[in-house]
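Okay, here's the structure, questions in a sec.
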């Protein structure tokens, strides 16, 4: 039995609020249950130094958590003077996931910086970030398209979304919340495209090692869940 | 004529959303027009080293802005590796303002950390922060009262709220938004208590120096505005 | 009764020693009683990146204290690896105060960096810094004038000086020394020009809030004191 | 055809040199072809603050590269003032991998710090690090066993080793060297135990997304390769 | 011919002003010509962590330069966020030099921190710092003796002073000023005690290597110069 | 009697392994007994900003120790966030020593960065670094010569090598190992050229001051030892 009463293959309620930010070219406030992340996409007419005059652009991501997004207040990274290892790991993952569905040459010599800031955390902040970031990125490209800068669907080749799966109380479950996450034996994050291609897999045994069969079960759960997330993304951008 | 069409002495719409955060002991999402700040109050059963065994507690504040809270994306302070001078100045101001209405001995040997994170900025982020932080602090103390830790009204002796005033286009105006703020000749922030006492005054000539008379006009505007804000705080905690 | 035996409206002995530094284009060793600050103005033929090709210059300030300028040795900021919030707040104040009386276009595309280093502290280091920095800046501009780079009085439009006032033992007093400052109920710093315009006001209730009347009394004291300081600046640059 | 002429399922020559360090309680100089890593295990009679009095120990890892371990000299992280995101990601991975086969309670209230320093890099530094770190850890525990501190095989429950697989030139290959790694379409790292349990999976599409079938092929390659690595570890500690 | 017109073996005018600081337990403003350093000695009733309960104390030193102590303004180390290599090298030298004449057990479990801050630089700041620091340390110990904490002459076993010598324009000279220092072929710093013992020697060939004979000539010059400095220290503490 | 049983004037076994690194233009793994240092020389087609368009190049050095190079594990400097004072002092010394025998104009507008990383430490790491760095630098220049970039013997004017001497148990000894170094009364490092010129002398009294005669004895020992090291360098580059 899951603490939330959900079925093993049941994700939390997921919602996307587009245009949450007045200033950003694209933005999305994404909720996976009690996990809330604000994703903004900012267009900058410059590229990193190592890409200058290379004829293509860049998409990068930064991730942060408000100090009291969590059950106990965490030290503010700006005050600690550096981003922790976990933060860096997650923002690198978000960036790679988005770039997997972007045609950087079609973007031109520009950078889009996606910021994913966790307003409230209850497990799965990285998967919510990736899934919401896609919407923010899409809206940023639409903003650019409206100004004849790019063709949005030339730049953004596919959807991308992410979900966590894990083995909790000996059962394979999808979309772990904090209670499940903190006592799961195995925790895996999957990032996939709208056409079912795999972009990233991260599986970790927290306690005892897991078997290939267990992993395949998790991947099956993830495939279904990500399918649902992509459908939701499609409805969202269709304005439904 | 103000860009927003407001009267000279008209503040923006102000609203407080209590309990915005699932985790924090007290929280408030405050809006001054398009300036949106999330304030959380976190109780910690420890005090700073220099207060140990001193028989009283501490209230401190930290301030941050999401990178795209502003018209142009700013560099994330956690990534830059330090908090800028402006950030430090503001969080020191918020802390002093709150402590001015707190009885630290009645609080006991505990610390309440108030985080003010600007989700969207349109001028006046520090005054919105102080005004919303009071609600978060109040709710944190009520949470403690419910657990028989303190008497909330023994600890919190008065209201505190803040507003900016300035001289814009040769006219004294209240609650400047970003457009006004960036071209005001004079900019002043006032922090006052519910009983009209002054806690902090910060006045700065951006262009030419100002006179004592001009300053008194601004102070008069502020007094009225803060009176309204305190009324709103009272209605909010009364549950209206 | 003030610990120093001074009258309520009596400042400490103030002196300016010009040309204290062999190397700097302008320099002044300023004493407000036992508070001693070395101010140097350094001309640099470059401007900050955001001002390049803007046709005007910049005046900036940095502030520091020697580790044993104070009663107890403080940690050296260079060793701690960052400037504290108080340091940043003060150096921003000094810079704004000086720029209020400078015509940046008349300065041309150059930067003058004013360093205020507290050799010995006894309260009022920021006001002594501003008052002495004006002399250093003046002498730097005279140095430039001697080389036909600028007309000093075109660049420096007015005097600027600063003083602290506060409520100590229920009495309004001017130019608080450390003993007074550490137990004052209210502490306010005023920065004004030679013609009486107000450039900066910072008032803080340390204990209980203060009233508008109390504040006006302090402003009156400050106006007189700053008038005296400006007279002293005039005598100093006249070589008296 | 692989640049090195290896078969698709052929790993590079792997060797372990035990006792490379005079000082460390356990050490191993591991080579995967031209990738050379020095692993040392250091026993410390203390645990991290959050584990004090918890009745169990900790195993942690740090990772570094000499500046000229790579084809172009990289900036020294000590001189840059921080560890990059990649470094932190890898050292967290090594630590988790080792802890997956350690009984922290059997270790007692002590910490073993494993340092993996890349002396020369040619792809696969993280997998070589994990595989060599196991030997260093084993020897450290044997050192402790000789001093009657622990039973080594109570603390170290199983072997752990790692290998990378990827899709290069449309073919699934094992143990990518730098040339392959820098142009592979998909890159996956697998960490498994001696009994075939999976500890960590990290798969990343560098170019186009990969399918589940492709991933299973890579996992099959990895299982065989890690089997060989574990055999080599066994021979090594048997003194063969 | 030396730029200053001095004889080859002629030091600059050296003076010590005791009690320059109102707050420090011991202080000395030392001048070697235009090189001016403020040395303060601060008593702290604690020792570094690694000396706790070891039954002896510690003497340490920190060194800094005001940004415009030099011909061109240097970046403030507190603002740069770290102390440079030169700063660290010099402050380690000052600390070692002082400890060479201190009986740390006679000092007891206390630390004396000596700060040497260069107010104006014209070559030889490290040698002036050491020589003046001895006076500050002596006065600090006398302050302690007056409070029956130590016997000053049991703690401070001897004088210590320092001078630079070098080969300038093919001639051996003593006490190089900036002009000489910046074009000397060889530069050597000597630290010696009042009884002629050598504490530190640092010799560096700036251009071509030097011979043993040249070095011995420099050492001879240094011995005489340090003899004079020690005489001056003796006169100074005798109150002459 | 020396702990190692060596004669007073007997150095440890010294060996140089050229070409240790696959990537670096020049490299040398140098051993002075149990002190092992990897030296790499990296060619970069750029110079530091202050040398641009000056028509000459630069040779610089960085120094590091692996965390467990020593008897007790030291904190990794990359993780501590800065290089310590000792590290900076040593890397400045290595750089100066190498530049003393390099014709920077003959090098052209390029930089050679020499990294000296201590793999295992047993005293004398800085002298081993300098001595081995010369070989790495030589091989880097030979690599350049093979590509017609420079004439190696025009750039590298002479050999340079270094050795430590000290007074241990009242006897002058050469090439101190860790046991000797940690209890020596006097410790001196000498850097000399192949033709016997002195490049650097650093002598420090650890306990009581030393006399000029003692110092001359140490310098005599050093001269002989460095003579031997230079012979070894010559044999090494001759391929013997």
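Before moving on, here are some points about what is shown:
Think of it as A, B, C, D, E and F in the order they're written, each chain with its own count starting at 1.
The rule we apply is simple: contacts are C-beta pairs under 8 Å (C-beta built on N, C-alpha and C of every residue); 3 or more make two chains touch, one makes a residue touch a chain.
The chain list, named the UniProt way, goes like this: A, B, C, D, E, F = Ribonuclease PH.
Treat the numbers as computed from the prediction; the structure is a model and nothing was measured.
In summary, no chain was found to touch both chain A and chain D.
Touch-path distance (fewest steps) from chain E to chain F is 1. Interface of chain A with chain B: the two copies contact each other largely through the same residue positions, with over half of all numbers used appearing on both sides. If you average the Cα atoms of chain B and of chain D, the two centres end up 50 Å apart.
Measuring from the averaged C-alpha position of chain B to that of chain C gives a distance of 28 Å. Contacts with at least two other chains are made by residues 81-82 of chain A.
The chains touch one another in a closed ring; read from chain E in the direction of chain F, their sequence is E, F, D, A, B, C. By the touch criterion stated above, chain C contacts chain E in their complex at residues 21-24, 27, 34, 38, 40, 42, 44, 62, 64, 66-71, 73, 76-83, 87, 113, 115, 117, 119-120, 122. Taken in their complex, chain B has these residues touching chain C: 82, 84-86, 88-89, 91-92, 96, 100, 188, 192-193, 195-205, 208-212, 215, 219, 223.
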